[in-house]
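First, the structure itself, so that you have it in front of you.
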Amino acid sequence: MNEKIILSVENLDITFRTNAGLVHAIRGVDFELPAGKTLALVGESGSGKSVTMKAVAGLLDDNATVNSGKIFYNGLDLLTLSKRDLRKKINGQQIAMVFQDPMTSLDPTMTIGAQITEGMLLHQKISATDAKDKAVELLKLVGLNEPEKRVKNYPHQLSGGQRQRVVIAIALSCEPKILICDEPTTALDVTIQARILDLIQDLQKKMGLSVIYITHDLGVVAKVADFVNVMYAGKIIEAGTVDEIFYDPRHPYTWGLLLAMPDLDTTEDRLYSIPGSPPNLLHEPIGDAFAARNRFAMKIDEREQPPMFKISETHSAATWLLHPDAPKIELPRELRLRLERARKAANL
Amino acid sequence: MRNEELGIRNADDFEFIAGRDLNVDLNFASQGYWKGVAVHFCRNKLAVAGVIIVAVIMLFAILAPIVSTYGYQEIVAVNVDGKQIVAKSLEPQFAGEAQNLFADKTFLFGTDDMGRDLWTRTWFGARVSLLIAFVAIFIDMIIGMSYGLISGYFGGHVDNIMQRFIEIAGSIPTLVIISILAIFMDKGIGLVIAALLVTEWIGMSKISRAECLKLKEREYVLASRTLGAGSFHIIFKQILPNTIGPIITQVMFSIPVAIFTEAFLSFVGVGIVLPQCSIGSLIEAGFNNITVLPYQILPPICVLALLMLGFNLIGDGFREALAPKIENM
Amino acid sequence: MNNPLLKVDNLHQHFKISRNFTVKAVNGVSFEIFPGETYGLVGESGSGKTTIGRSIIRLYDPTSGEIIFNRSKISGTLNNKTRRMLRKNMQMIFQDPMSSLNPRKKIGDIIGEGLDIHEIYSDVTERNAIIAEMLQKVGLSPAHAERYPHQFSGGQRQRAGIARALVMKPKLIIADECISALDVSIQAQVVNLMKDIQAETQCAYLFIAHDLSMVKYISDRIGVLHLGYLVETGTTEEIFSDPIHPYTKSLLSAVPCPNPRVEKFRRPVVYDSSNVNYSAATVQKISDTHFVLL
Amino acid sequence: MTKYVAKRIFMSVLTLFVIIFVLFVLIRIMPGNPFPVERMSAEMILQKRAELGLDKPILIQFVDYMSMLLQGSFGNGTSLYNGAPIKPILLACLENSFKIGVLSILFGTTVGLLLGITAALNRGKFLDGLCTVFSILGVCIPSYVFMIFLQYFFSYKIPFFPYFFDPSRFLFSSIMPSLSLSLFTVATVARFTRNEMIEVMNSDYVKLAEAKGLYGFELMRKHVLRNALIPVVTVIAPLVVDLLTGAMVMEKIYGVNGVGKLMVDAISGDGIDYNYVLALGIVFSSLYIGIMLVLDILYGIIDPRIRLTAKETA
């Protein structure tokens, strides 16, 4: 890779204090985001994808402790900055965030216009009227009808889809370099979801944004991502370009994720599924966290966590199956068929 | 990569694990509900302190009047020849001078201006106050809970009418209600309990109605209906057990209110009548003598403050243990 | 074709919010479900799909229209016999595994609730045996009967929810968005379980969902709902290879496909629903099984 | 918004009317005799009844009473015992109670808000603990315990403040009564404010504001305070009512001639003065309902979700 790396996270490790005890939510996460590209962070709930991104944006809750790790933004370690510096220099202007639930992420007592202009007035030398004009423009950009009227509205007067557009407009208001979208469409209908995703992609092209998506929906990932990181139990277990993940996945968990969602041609009687449920990180597992649900678990999985095995320059996965001494396994039939079909459809 | 680099020592490292039944999912998440509540409650030092305070006072209130030397009505006085005499109660033929004794070996809290043992009277008063509070709040809980559950569950017109009634009843200040009751009833324990009954159930019913409205749309209630369960079964078997938590919290906050109301009514002179005594009437007696014999007011006031503190701490502890979200992730 | 198990004819379901405001959630929906088949009902939120499920199982009282189930009319006032038949033979699996199990009851008692209400067992041993068998069938262990819902993960709870419905040996199960709240890796488990059960017991499903790829996978026939109207219905094959209604087309185009090289170049078909007036439209017959509201 | 206000006002008037009716009927139908029997002969009582219109049907009595009430007097306007007119005495007492009440509400809410905000901003630290302990004590220990001790120490042992309330030195002599009366308000407001603040600070929209780059004072002022304080308005109404109850004790302890004392006198003496009870009941209820109404409307004004219902803007 010779693109400029705009964001890199190294060995991030985070614990949460909860009533039940310490939860080791992030257990050593590394990834890089090349400028102008889109990275998708995939995983199910509790896998730590949102926490990782909150750490990047400096928005971790009070009960979280960062035990170790570095987050470099353009060479600057964000974790060493004070909260004040972080808010003043990074949040909004460099890194902006779109939250999952559009119903709760807007201040109910403030007009839409005021919420959009707030960041601009804070960070940029801009007059109130100019900011207001820009807010109208932003609302037009995110495809909200009657933007002049909308700026005077309060959040409760808009629908969910409209609110999510407002949240995106807020995120874009200070022309950030990185946009983090935390499940931006799960709360929305499929037809609106497709439009919001298109919108973000168009804006990305226009403004040269780097985007990080947090999602569990592989359809969304296929649509938007350049790079994919799959998370499980607080770790990244497979990372690669979108083609590598979708056409040549190596981790049994990724297989499960891919196959759990039937494509429109799936005809098999049974879906390939991952048995069991994700581990509770209150009791940190010994060895590979996925071993208990892995059909191909080996004895070493119960003792030792697998390192990231490199498959190509961009592709790596954390499973002992990739160890040179591991027995060769045959891909499950459903998976083989599915991958063949996918490659064929993609003319690969 | 070679084995030594990865630190692998066992020969069977790369054998598949055999003999697992992956189809039976044995993973489980957290501990049971009440156990979680209990653990959380016990971890709260203030709440535990509240339990201890309340337990100690209740113990004294139950035992002290039984084991103490003097009855709560007994008057200790010195007769003409300087000997101590004890009378069962205020008797006309009683001759002698009532003592105002400050604390000594026989009278731990001293005596009141009539020469009655304050130690016995304080604990007896605490017993009366606690009894009033428990009885009143227990009845309130039953009334309020049924009212709220019925109103919330049936909804529609039933709810509308029942809520209008509560709205109006809730808009009458407690003081006005008490004054009307005072017209109908004689002063004493009955009046105090009646006053508590008329006012305190409203809060309970509001809570159980709110809970019921929330719970009746829960899918497990719908599931019960699709299985053919009747309204009675749903209200009492499905909804009620889930409202217990908030109701207990409310009870814990209502008991100190009841104790306070009793104390307040007795203090202003419409509560407990002599020679009966309660915390409130003891405070009133102490207040009347405060400039002359200030020690008399201390025991009842301390017991009152400790009781209210204790119950409030327990209530707080319950509330936090039941809704741990503030401190959670 | 044999007799339909469920026949919904011109179902209307309206909710009166205030004196001059009524929500018309379902407007003249008709469809049939045959024994042993899966009928998928898709539509976005607010399209009335959940309402239809709840009207059929009589959590709501339908405003008008007729519902025939198992050869009995179950719309209108129910007599005791019909009610009993309905409550035994039609069951529901709910959406949210966190709220569909009573947190104060043991899993065993939750599953056994239907047995208790209809007094289906002769003694406690038999009851517990039925529950244990049910638990095993849905991939839980009989020992789980003594645990409370809090001690389970989302997927496990959803399986307990399925067990609660199955224990009555119903002929029709309404699965209301029963996988949408689950993690992706768990969804497949639950769908597999549902398919296994259907193969074993020949029950029919009304599968309500917004996720078209899963609906396609599990359904024999599909109905597409929009704004409370059934705009198109047909076999899965007909809906996916020959969609007629513009809304169906737009919905199909919006389904994300987990194949990056294909997905990156797809653009959703936009359907402007602001000016449609379905009440004036009529049902057109395309084939014996395929109908469109145009 | 006008519709909202109109509806509230209508409901309040209706509620008040129903309360007055219930009070009136209850007091009229109650058993026993409203006159001090031992001091009056049977004829005197009959005469008195006729004089007061007590022999008429109850509904007509009510209509009469209401018409008099609307003209600004309480029934025949005299005490049943000594025949003294109610209105002037009531007004004088009301003035005393009202002044002390307003003082303690102002003091209580201001200090309570400050304490609550301080605690929330220093969550988990020493200041928070201090505020929490204070608010627990304030809520738990009845205000009259404070009153008795404050009076004992600062008016008796160290006779700095007057022992009894003295209307001629209003401000100085009301410091102690209103201070001790406001402690409960301080504690409740502080506790509620703290919890609301913490909830708002954990909300998504505050997270989004932080993601925009807001921090510190700006963040508090623009997003946290406004959202946290709107619900605080709702606890003030019940506090005002508690103040009325507290006033009863406070007025006894400090010897204030206020409405609380008037009520105690009316019900705790040998007999009960119905005219006073009725008049005071009406005054208390109107006060309470009036305050609720004002706060409701205030709430509507500061919360856009009520001010602009979806219907009006759609």
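Here the chain labels run A, B, C and D in written order, and each chain numbers its own residues starting at 1.
Assume contacts are C-beta pairs under 8 Å (C-beta built on N, C-alpha and C of every residue); 3 or more make two chains touch, one makes a residue touch a chain.
These numbers come from a predicted model, not from an experiment.
> Go through the assembly and pull out the chains touching chain A as well as chain C.
For chain A paired with chain C, the chains in contact with each are B, in label order.
> Can you figure out the chain closest to the middle, judged by Cα centres?
B
> Taking each chain's centre as the mean of its Cα atoms, which chain lies farthest from chain C?
Using the mean of the C-alpha atoms as each chain's centre, the farthest one from chain C is D.
> State, to the nearest whole Å, the distance from the C-alpha centre of chain B to the C-alpha centre of chain C.
47
> Go ahead and note the Å separation of the Cα centroids belonging to chain A and chain D.
It comes to 53 Å between the two C-alpha centres.
> Could you tell me the distance, in whole angstrom, between the mean C-alpha positions of chain C and chain D?
From the centre of chain C to the centre of chain D is 54 Å.
> Based only on mean CA positions, could you tell me how far chain B sits from chain D in angstrom?
Roughly 25 Å separates the two chain centres.
> For chain D, give me the residues that contact two or more of the other chains.
Answer for chain D, listing residues that touch two or more other chains: 202.
> Going by the touch rule set out above, which residues of chain C reach two or more other chains?
Touching at least two other chains: 153, 155-156.
> Could you list the positions in chain A whose residues touch two or more of the other chains?
61, 275, 277 - these are the residues of chain A that touch more than one other chain.
> Using the contact rule from the top, write out all pairs of chains that touch.
So the chains that touch one another pair up as A-B, A-C, A-D, B-C, B-D.
> Spell out the residues on chain D that touch chain B in their complex, using ranges where they run on.
15-16, 18-19, 22-23, 26-27, 30-31, 136-137, 139-142, 144-145, 148, 152, 156, 195, 198-199, 202, 241, 244-245, 248-249, 252-253, 260, 263-264, 266-268, 272, 274, 277, 280-281, 284-285, 287-289, 292
> Please give the residue numbers of chain A that touch chain B in the complex, ascending.
Those residues of chain A that touch chain B are 16, 18-20, 23, 61, 63, 275-277, 279-280, 282, 291-293, 295-304, 307, 309, 320, 323-327.
> Quick check: in the complex, which residue numbers of chain D touch chain A?
123-124, 202-216, 218, 222-223, 226-227, 230, 302-305, 308, 310, 313-314
> Which positions of chain C touch chain B when the two form their complex?
54, 57, 59, 83-84, 87-88, 90-92, 94-96, 99-105, 110, 113-114, 117-118, 139-141, 147-148, 150-153, 155-156, 159, 161, 164, 168
> Any idea which chain C residues touch chain A in the complex?
The contact residues of chain C facing chain A are 44-45, 153-156, 183-189, 191-192, 195, 210-214, 216-217, 240, 250-251, 253-264, 266-268, 270-271.
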